[in-house]
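Some structures are shown below for you to check.
Shared chain: chain A. Partners: chain B in the first complex, chain C in the second.
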Partner chain A sequence: MSKPKVAFYWCASCGGCEEAVVDLAEQVLDVVGAVDIVFWPVALDFKVADVEALADGEIAASFINGAVRTSEQREIVELLRRKSKAVVAFGACAWLGGIPGLANLRTREEILAEVYRDLPSVADGAMPREEVEVPEGRLHLPRFDEDVRTLDQVIPVDYYLPGCPPPVALIAQAVTALVEGRLPEPGTVLAPDVALCSECPRRATKPEDLKLERFVRPQEIVADPETCLLAQGLLCLGPATRAGCGAPCVAANMPCTGCMGPTGRVRDQGAKALSAIASLIAPSDPEGVAKVAEQILDPVGTFYRYSLPASLLHRRVGTDGGRPAEPSEPVAAAGGGEPR
Partner chain B sequence: MTREILIDPITRLEGHGRIHIFVRDDGEVDRAYLQIPELRGFEAFARGRRAEEMPQITSRICGVCPMAHHMAGTKALDDLYRVEPPPAAKKVREMVYDAFMIEDHALHFFFLGGPDFVVGPTAPKAERNILGVLGKVGLEVGGKVIAVRKELRGLIEEAAGKVIHPVFGLPGGISKPLTPELRDRFAEGAAHALELAQLALRLFREVVLANPSYVELITSEAYTHRTYYMGLVDERERLSFYDGHLRVVDPEGRPFLSYDVHDYLEHVAEHVEPWSYIKFCYLKDVGWHGFTDGAESGVYAVAPLARLNASEALSTPLAQEAAEELFATLGGKPVHHTLATHWARLVELLHAAERMGELAADPEIASPEVRTLPTETPTEGIGVVEAPRGTLIHHYVTDERGIIERANLIVATQNNAARIALSVDKAARALVHGADVDEGLLNQVEMAFRAYDPCFGCATHALPGQMPLIVEVRDLRGELIREVRRD
Partner chain C sequence: MAEELTARAPSLNGGPRIGVYVCHCGLNIAGTVDVQAVVEFARTLPNVTVAREYRFMCSDPGQELIEQDLREGLVNRVVVASCSPLMHEATFRRATAEGGTSPYLFQMASIRELVSWVTADPEDATEKAKAHVAAAVRRVALHEYLEPREAPVHPDVLVVGGGIAGIHAALTLADAGKHVYLVERESTIGGHMAMFDKTFPTLDCAACILTPKMSAVRAHPNITLWTYSDVVEVSGYTGDFTVRVRHRPRYVREDLCTGCLACIDACVHKQGKVPDEFNLGLSKRKPVYIPFPQATPPVVVVDPESCIWFKTGKCPQTCVEACERDAFDFTQTETFDEVKVGAIILATGFRTFDPRRIPEYGYGRYPNVYTSLEVERLLNAAGPTAGEIVLRDGSRPTAIGIIHCVGSRDVRFHAYCSRVCCMYSLKLAHMLRERTGAEIYNFYIDIRAPGKGYEEFYDKILREGVHLIRGRVAEVTDEAATPEEEGHLVIRAEDTLLGMARRIPVDMVVLAVGLEPQPDTEDVRRLFNISCGGEGFFTERHPKLAPVSTFTDGVFLAGACQGPKDIPDTVAQAGAAAAEALAMIDRGAVALEANTAHIDEERCSGCKTCVGLCPFSAITFDEERQKARVNEVVCKGCGICVAACPSGAAQQHLFTDEQILAEIEGVLAYV
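Here is the complex of A and B:
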């Protein structure tokens, strides 16, 4: 019997998810040996045409990482969607938008102005343009989209593999389950549906009725290596973040920043995290609450660190000096004049 | 203009760089442009973030070298808060950084750049990949590479929290001390890395240096650019990955500049071209005079070969010996042959392994004192490290609460961007004549690229891998005349 076919593809990502797959390949050879990889542009020599030649649904599972920002990315994920029984949004960027999704806090023009005009090392030259006349002829650059979008804002997604990057053990489990045809319910996030605190080695030191008078930043204290970080006043997002990573950040004595995304049916990770933390504030009078809450600097970058594009905010927020939140609109095909 | 040639690897490596060649009526190349078609704008959305989050936020610029961004960011925080980490913290950071340098250099030599040399530039395409390397060096060596990489990545994970996107960097130190037990395992890892480095150099001697045609290729004019070189050095002008001051030598190898990283804006500037999203760094002291080499041009290079050129020596004995052999073989300092970067990378692999071993043997490294709490009000901080692919500078300006107001990042590959563009242009001119575009062009362009190990991931997001190339030849109306593939 032929092995189940699997594809890996990346959109706008840092390459960390790809490295995680390489780590998987180096560590868990039998998982890789059990599948037939039909498409993995970064590592293996297959063409888009090879995928086009497959029958619809012939690929057992496509693992797609990175958020979506160009028309090329959109075309390929649409193709993979057609050819695949299951599509897995692989990693925080594909599921929620990820850290590069914070770019939604700025407009396209603001980004261009900052990077090519305002930074102190920029000396001379002309802003990149989609179409440029050079002495020898004409050159084109693809337009980058106004918005960073999650995978399921572009194609229907069956499963989500959380993490930045996803832990190797979870990837191995997911690949195994999918190729063996043990398909969970569509929409499932392929990690335990409990909060990180439940698998944290420090959970015994987290008080049931934790109340905080103040928050501290990691550089302000030498954190005790055994005690719950939140109990020490550090903004650990463990209570509002999904488990499955084994809490490596807490093991390094650093607070969880939420890369595994929310649990269960939480629609908006940032709002959930914010309310989870706010509920711990000790003073109950509005003034006292405000005083403690003030200590939480950059709430958007903290609570929506990995999930701004997926959130109800999606784009800029009022506090940022920009326009108010607005619903995202499908972005017109990018790539104006891009040579193909 | 009779035609244009578009080399567009993005057919499969989406959005990661393309080459556009203009050809004149007489069939000769007018100019070849390297375009980087993507931008993510980290500097723009860094604004408003808490400074202490920058080492973790900026590591997402590149999942291949997250440790480099994490470390440059952490050092920028030391500077921002004017805080000196305890000695043990600095040593742990440096040792972990060496481990990262080793696994990254090993990945490049054996898996990515290696096929060009170990298997051979003229070997059949089907063998010019990792399997070809394994066939040539034997499964045992291949297994060793994988085993050492796995061991080191495991150690990094334990010390830094995560290997892909580390978390241990804090202003004034690291989040957790090294246990004596982990220190001992770092010492073992260093010993294994040292064996691997020596094995790689032996391989390089046997396979590459013993073959006159390879040596000829390395020293050929098509791969040579006489430029300035920049790298981080210690107080005795010796190569350093983790800390020190910046040193620049001129195309004759004479010391040209020696400056504290706080003065980088006086010496390094970025030129913007409207046809690429990557910015081109140049030496302000010389000025931007277009894409040309020589002493009159501000174009400079960074990364392994540049680091050897820009430093006086290496601090560890075996690597120093290996560097001397490199310079003696290739005609003395500075070496301008881009392809010698592969060799220089192995010299650095050896140096990093030796240095990692030294640090693991340092009795102070497992001290529990790894934090100095900052007390100063933050204003501005700059941090520099040598990433595997060259000098990396992080510069943050904050308000008094430590909220980022401006972040400027000079990323390794950007320093090299102008020289890479030169290499591509030169390869095109050397190879494209008349109507024929053969596979040689594709191989040669690819090899010129690979030597730099360009991480457009840092300016964009390419994982440098087997780079399939497709050349399309179009007529004036943009009609496809023919297509050449090198898969």
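Here is the complex of A and C:
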């Protein structure tokens, strides 16, 4: 029997997900041995035409990382969709939009103006064009879309591998399942459906009646290495984030930032995290609440760090076209704060 | 009459078959909303098999429509588009249950309160009504089949506060065979009424009508009377409360003291030493004392603050010697009792307004300015002056001014009317005149005399020659403007009937202080998990339809803790509270909320976010399994934990995300 064919592709991403595949270390060799890689731009020299030449559904699985922002990305993922039995959204960006998804706090025009015109390092201020005439002929650049979309906002997706990047163990499990043909029901997120607190070594120290008097950032305190970080005032998103990572951030005394995404019943990770944490704020009078809430300097970047495009909000809306609201806006002005 | 039924939309056997019933509510709805159009529209909605209209859905024939359609199998889910859940959700749930299914397979579309009463344009209103119906139809299709649940009720009752309200409620319940724990924080029951000499409007002697009831409480086999005690902890829920009561030491054993008072005579202090609280400081008492002769229980109290033995350890203890019963026990400490009760009646009463807050009336500055409550004591035959009106300076007044509405009807203090001050001021006018022959001047804003026999009482006082001056008093001063005013207090007021400013010299001023919430209302409110209105009095569940209930099932209100009221109203309310408690106990079971929360163990990460949030302490954390758990008997369905659970592990019946989103989509999809 021939080996199952697989493809890897990256869209709007940082490359960390590719790195994660390589991080499989010796296991990567097993993977390479067990499957037939038909497309992997970052590592192997296949062309799009090679994929086009395959029969529809011939690829057993395509692992696609990154969010979708350009016409080129759309074309390729649509092509891979056609050629694949299963599409796996690989990593936080493909599943939820990820860090690149925070670009949805700006309009396309704002981004282009900033990058190609306003930055101090820009000299001529030429705006990119999708078509350029050169002596050799007409050149095309992909179109920069209006907003960042998750993979499943563009094509149907079968499985999701969460994480920024996905934990090696989960990748290995997924690939093994694929090779052995034991794939779960389509739509499944390939990680435990329970939040991180469940596997956090600090859980026992988390109080039952936590009341938060203040929020601090990791650089402002030396966190106790044993006690629940949230209880120390650090914005740990562990309670609102899927387990399966083994809590490496918490082990490094850093709060969970939520990259593993929400659990199965949660539609909007940021909203859920926000409502959970807001309900723990100690004061109950509006001024007292505002005082504590103000200490969350970047509400959108904190609660929606990996999931803005997938959320009910999806992007900042408004016709102002101008700058986003001042960063000092209180939490309530979700969609306001500036990531930094 | 009802529309003919129309079967449409092929629905799966066993799948949702929804009946939509649109109510006219007379012209309340039909006057604005085109009911016929809403019915036609409902027929086009998925899963709707029957759509009807009716003039009054809440009437018997209206409900019968629902029951019949259910019984005939035409529908298995019900939407009524009518008033509001507060009005009639219970009615239509009952009808749904009568039709032989779960009462929770029902959803209301509020097209009166949310539509016809607020949207004037008929076309807009009709469209809006359709959107509400569409939302309810989408939602009810997802409702689960839930069984109504019940929990048994413990038959004993706790009454907190032994004023006339608590006394009356306790006796009513005890006479009906229920066991009552009556907890009073003072050393005697009786409350404010025990301080009065006579009561309006009948001028019957307060003690004569009150003390027999006080003795009856003490003698009643069904009443456990705990004075000098307070409730420190309440847990549990309607029908099954656990209450912890603290008993403060009186240093005299209640089971031995007979109230002979020999010890008081024998105390080394020959005269009273400290201000007597019951007489509001108008007399002095000894360190061993009893508030008043008919105090119930008739047991003396030792006050360690002033007792020489407690202060210095050196006292011949002549009191102990004098006691033939050996009742003294200076080693007593606080003790506690824990009891279970099914219902709780709060009857914690009021306190009077502190007139020092109005410095221009001179209370605390001029010795001859009194509060009404002090005058009640002066008039009382068992009071500091044995009923004679002798002023602080030893003189007897020949002219007395009574100022109404002190602290009441005054936006600076209490905007509300204290309801009893006009009447007790007239009572005091009558009694002071009778006892002293003095000229009496009552300064009032309006006379409020709306009770039975009250206007007649007012007439009677008028005819007795009391001067009634209409106007708010500006000031009480001792600065004389004329030689005649010299040595008197002068009341300056505008007489709004004569349209002139007046100065009336008097020897005594009585301030008709208003009624306000007890100072510890907030603590009590928290302890019993009820709410207070803006003024701080406990809030009843509904001002008209549930005046003695609270938002916490099983906790009832009686007397002035719910708002200022006179004795007749207090007693009536106490009777009502007792009846409500009785009804609950005799039913034997209480219905439990269906919209409770529950936690999916597999999805619970043990993050504990929810545990401390539940206002009803319904959530516990299972340390062994590291999971949170909701006690669905205690859960009130407030939804706080559901909103907060960052895992979506906490879910709520009748408020699942799917149901809520379906409802929202119903509105939006229609629009």
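The working rule: the second predicted complex is superposed on the first by the 283 of 340 C-alpha atoms of A that agree within 3 Å, B and C clash if a C-alpha of one lies under 4 Å from a C-alpha of the other, contacts with A are read in each partner's own complex, and residues count from 1 in each chain.
By our rule, a residue touches a chain if its C-beta (ideal position, glycine included) is under 8 Å from a C-beta of that chain, and two chains touch if they have at least 3 such contacts.
Keep in mind the model is a prediction, meaning the values are calculated, not measured.
Within the superposed three-chain model, A:V134 lies in touch with chain B and out of touch with chain C [touch as defined at top]. Judged by the touch definition given at the top, the superposed model places A:K272 against chain C, while chain B stays out of reach.
Set against each other, chain B and chain C touch different numbers of residues in chain A, with B touching more. Of the two partner chains placed by superposition, only chain B is touched by A:A20; chain C is not. Residue contacts after overlaying the shared chain place A:G301 against chain B, while chain C stays out of touching range.
In the superposition on chain A, contact of A:L210 is made with chain C only, not with chain B. Considering their complex, residues 600, 602-609, 611-613, 621, 626, 640, 643-649, 651, 657 of chain C touch chain A.
Contact residues on chain A toward chain B in their complex (touch as defined above): 10-20, 23, 26-27, 41-48, 66, 70, 72-73, 76, 98-100, 102-103, 105-106, 110-111, 114-116, 119-129, 132, 134-137, 139, 141-142, 144, 164-165, 217-223, 225, 248-249, 251-254, 257, 297-298, 300-302, 305, 320, 338-339. Against chain C, in their complex, chain A makes its touches with residues 193-198, 203, 206-211, 238-240, 243, 262-267, 272-273, 275-276, 279-280. Listed in rising order, the residues of chain B touching chain A in the complex are 1, 4, 6, 8, 10-15, 20, 22, 30-31, 33, 35, 37-45, 47-50, 52-53, 56-57, 60-64, 66, 77, 81, 129, 146, 149-150, 153, 157, 160-165, 167-168, 170-172, 175-176, 264-265, 268-277, 279, 281, 284, 288, 371, 373-374, 395, 401-403, 406, 408, 410, 457, 461-463, 465-466, 468, 478, 487.
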